[in-house]
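After this come two complexes, each holding chain A, first together with chain B and then together with chain C.
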Partner chain A sequence: MSKFSTLRRGIYAVWLREIMRSFRDRGQLIGGVSRPIIWLLILGIGLNPYFRGEIYGEVRFVIPFTYLQFLFPAVIVLNIMYTSILFAVSMIWDREFGFLREVLVSPMPRWAVLFGKILGGSTVATMHGLLVLILARFADVTLGWDQVALALVLMFLLSFGLTSFGVILASRVRSFEGFGVFSNTIILPLYFCSSSVFPLDPSLTRTQAAATYPEWLTLLVQINPITYAVDAMRGALISYSQFDPLLGPGIIAAGAVLFFAIALVDFQRQ
Partner chain B sequence: MTTQGAIGRGSWRRWRTVGLNLAGAALLLCGLTFLPPDNSLAEVRKSGVLRVCVPESMPPLVTDDPARPGYDLELLDLIAKELGVRLAVNRNSAIGADFNPRNWRLTRAQCQIIAGGVADNEPARSFLELLPTGLHTGWAAIGPDDMLSQGGGTAAVFPGPIGLDRLALSRYLRSKKFRILTIPAASQLMPALADGTADIVISDRQTLAALNSANAPIHWLSEKELGVLDLAFGLWKGDATLLRAMRDSHQKLISSGLADSLSTRYGTAVDATTGP
Partner chain C sequence: MRGAGPRLTNGERSEVSSDAIVLEGISHRYGGRLALDNVSLSVPQGHSMALLGPNGAGKSTLMNIMCTVLRPAAGSAILAGHDIRRQSADARSQIGVVFQEDTLDDRLSAWENLEFHGLVYGMDKPARVRRIEEMLALVELTEWAENPVRTFSGGMKRRLEIARALMHEPRILILDEPTVGLDAQTRGKIWSYLVQQRRERNLTVFVSTHYIEEAESCEAICVIDQGRVQAVGAPETLKAQYGTSLIRCLPRDAGIRRRLLEKWPGAQQLSGDRLGITVDDGTSIDAFLGEFGSSLKEIQIDEPSLETVFLALTGRELRERDEVKPNARGKRNKRL
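Entry: the complex of A and B
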């Protein structure tokens, strides 16, 4: 058997283990389903009346979409964020229970082990993102196959980057409890400061520019990489971009490479 | 039993669990997509009336002739019948009277739909959900061919209530060295051409077609610079269930050929050939 074939089989085995573990665990799937239900069905419908039109020429939310359509791509990003970053719990689990040690003494190079694990986590997170796409009809988002294909590529790249980011966090946190708290203090602020549930960017439209936001908040939105991930997803799914349409995909791709490289350095040290 | 067979069955069982879990999640979400995201359609069905706000007159979309009430009104009447409700028309003289639609004071309480000349463009989409009616419009002109291509004369312009880009028209006419004469009513356009007040008359394509009793050739103004737009019915933002129901009903009317026959009867089918 050639070296490449051995490597491929090794990566496949690690990937398969992650896939099986995640999708056979109903708790994780319930999380993947409940998030879109809470954020899109409940929050989206709950806030919809505040953004709907009452007088022609006068609405608070002046973008050429409904609130549900605006929220829909952001909920995909949220589902991917949770699944990807929380995937790193499996790293802590493997480390605590000795599985990681067993894998690391195998002839497989460490980068291949890490790549298999991150690939598995990315696949699971992408599937969770795809689950949200089922709700497109509910949000009144009409999708063509080309849009779905583009969104799928973006979802996978984002999942890869965020799973790598989760691994970086996991290598710095030693307990399950610590990681749970840590991840929540990262995921939700990143999500809320990403122009996801309400547009924070004052340059969005003239009407919205009239509403003043504090500069520090606008700055937080602009320096938050998730802002550009949400923007890229909106560009793919509802053809609406607040920023340069190439900026989002570029940042997602760069993030995937950068975080994997850092995760690899951390993993080699273990 | 061979070892490979046992492994194969074990692997299949593992994938079966994965598949069943994913299918269960997908089915649950599929089921949820049938929940109504709002109660706009339910309210229309409960009251039995679909209310529409239209300008006093906007031929051929809205007229004051009961025998030929206008393309938009007849199409909406057919849609209302498909929905099993009655159409109530609210004629509002404020529509089109001011550049800013905010000053028309159209509210959700007055009507569920705005019709009679809503162009499908970005500003309209910012305020309304749009359902294209199948008609097109854009800036068009009636006048001598050489005048349109060379420019330099007087252009009588009736902007109308349709939200076409007036600034772009103004830039275009100035670039062609036209002197602009704004006309307050559509009915004054053709007399201005006849008595020599204007060398050409300009308005949206559908308005010119309705006024053009002499069947003079109508030319699109530069499609590249000024665009050709769909006309639409405007629904309030957030009324997704009503929009879906109207879209389905409209699709049925298109499939049955009723929408086409209506368009032929009103002469609203226009070619999108570029003018000079």
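Entry: the complex of A and C
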């Protein structure tokens, strides 16, 4: 029995357990399905008409897309954010209810345990992102296979980074109660400050250009890493980027590596 | 390790050694508090040892070190010939651990929990299927294989945990208070699985417990208090060495009672006017009977038991610890 196949089986087991648990957790599934519907079908369709202005008697969109198309990539990011960051609950659960101890006394190395868990969490988060992607037709987004493939790669990397981030949070949060607050003070603010529901530059006409966003808001959006994740998804799905098209994917990949490294250091120390 | 020459290399020597568990000079401190102070122990392969000690004695620290979750600050621990520091993965593959708290995944079925364990220990598919079937049969849970663990009773969960700990055929089984909170019948059943496995597979069992009858059925008992090993030995040896007898008697009248108390001022007042007198050996019992034998209404002599051994070594009763247990459980969950 080679060392490699032992390791592969171990990682597979930890990964599989996360997948199975997520399918048996109705609440998580319902959230994963209902969130995009609310955001896209209600908010998106509701605000669709207000996303344009008049220039010389001609009605145009602020950016050359409908609001639904503009919002669609961001909702994918939102769904991934929820599932990934709330993955910390699974970590806290395992820690509090002892399951972690069973794995920690096994011959499996700690990094492999953590890798399997994060891999499982990010697979589930990617699937939740995929749930949104299926709704593309309703958002008037037409996709080629190459676009879907690129989007999936980005979604997985983003999920991996954010799941690792959730693990880092979990190692710093002592109880379940603490976590509900965390999710609402982290996920939604990050989402709203990521140019997800409004473009960075709202100017269409000269009058609108005069009334730009206040500096603090622009600053918040620019320092928020999620901004670049949303931008990368927009680049992949509707070919619209507010920043350098390579910046978003670069930040997503860097985040995945960095957060996994920090999570690993935390986990080794525990 | 080529050729079977007469010279022994280091690796071979530890393999040859018949002791499954060897602890040498283990010390550990939390902050400034010394939890374990120079603990040395050895348990031969195929033997069983019970660890007895009051709360805060360092018992759970020692258990955590034994199951490789905690690294001791000083000293060495060798499990089945593998140093837990340098060959921790090898040591871990040779131990099965049953924790005090539930560590099953209650959303998975019994089969899935075992399957997970088998995969994590790197067992291949045929071996997993064979061992899962064997283990479920051993703990009589075959019919429940597909049921989610959530629906199991406390006793069934414990049995499944023991099945899981034995699944990868470890040479050492480490159990931390495995029968706490279970009824006497379930405790008996769990103990019978362990005895059977020990006999059939030459399994070494190291168990912390506070049930006297469980400790008594082990070959050796280690009493630990204040981080130090107070005594190690077979139950009979310990009883002979540290045990005391207790005479419970009911004097015929107040005069005799007064005389009794004058002679043994340390006598305890028991319920129903009875007196309890602690004596260490047979001659004192004879002396007592010679003097007061005819002036008593009732007399009962408690032979030396592990309870009295425990009392003599730690100054505390074993029984009172039952009530503290729920808190201890909560506290321990937090540790990892």
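The rule is short, and it goes like this: the second predicted complex is superposed on the first by the 250 of 270 C-alpha atoms of A that agree within 3 Å, B and C clash if a C-alpha of one lies under 4 Å from a C-alpha of the other, contacts with A are read in each partner's own complex, and residues count from 1 in each chain.
In this section, a contact is a pair of C-beta atoms (placed from the backbone, for glycine too) under 8 Å apart; a residue touches a chain by one contact, two chains touch by 3 or more.
Since this is a predicted model, take the numbers as computed values, not measurements.
Novice: Could you tell me if A:Pro107 is touching chain B, chain C, both of them or neither one (first, second, both, neither)?
Specialist: A:Pro107 contacts chain C only, not chain B.
Novice: First (chain B), second (chain C), both or neither: which does A:Arg17 touch?
Specialist: A:Arg17 contacts chain C only, not chain B.
Novice: So, A:Ile63: does it touch chain B (first), chain C (second), both, or neither?
Specialist: Once the two structures are laid over each other on A, A:Ile63 reaches chain B alone.
Novice: Which of the two partners, first being chain B and second being chain C, lies in contact with A:Thr6: first, second, both, or neither?
Specialist: In the superposition, A:Thr6 contacts chain C only.
Novice: Looking at chain A, does chain C or chain B touch more of its residues?
Specialist: Per-residue touch count on chain A favours B.
Novice: Given the touch rule stated above, what does A:Ile85 touch, chain B (first), chain C (second), both, or neither?
Specialist: Neither partner.
Novice: Just chain B (first), just chain C (second), both, or neither: which does A:Arg137 touch?
Specialist: In the superposition, A:Arg137 contacts chain B only.
Novice: Based on the superposed arrangement, let me know which partner A:Phe97 touches: chain B (first), chain C (second), both, or neither?
Specialist: In the superposition, A:Phe97 touches chain C alone.
Novice: Between chain B (first) and chain C (second), which, if any, makes contact with A:Gly32: first, second, both or neither?
Specialist: first
Novice: According to the stated criteria, A:Gly53 is in contact with first (chain B), second (chain C), both, or neither; which is it?
Specialist: A:Gly53 contacts chain B only, not chain C.
Novice: What part of chain A is shared between its chain B contacts and its chain C contacts?
Specialist: 20, 24
Novice: Applying the document's contact rule, which stretches of chain A touch chain B when the two form their complex?
Specialist: 19-20, 23-24, 26, 29, 32-33, 36-37, 41, 44-45, 48-49, 51-59, 61-68, 127, 131-132, 134-135, 137-140, 205
Novice: Going by the contact rule set out above, which residues of chain A touch chain C in the complex?
Specialist: Of all residues in chain A, those touching chain C are 1, 5-7, 9-10, 12-14, 16-17, 20-21, 24-25, 95-109, 270.
Novice: Going by the contact rule at the top, pick out the chain C residues touching chain A in the complex.
Specialist: 67-69, 89-90, 92-93, 95, 97, 99, 101-108, 112, 115-117, 119-124, 164, 333-334, 336
Novice: Quick one: which bits of chain B touch chain A in the complex? Just the residue numbers, please.
Specialist: 14, 17-18, 21-22, 24-26, 28-30, 32-33, 35, 37-38, 100-108, 114, 122, 125-129, 234, 236-240, 243-244
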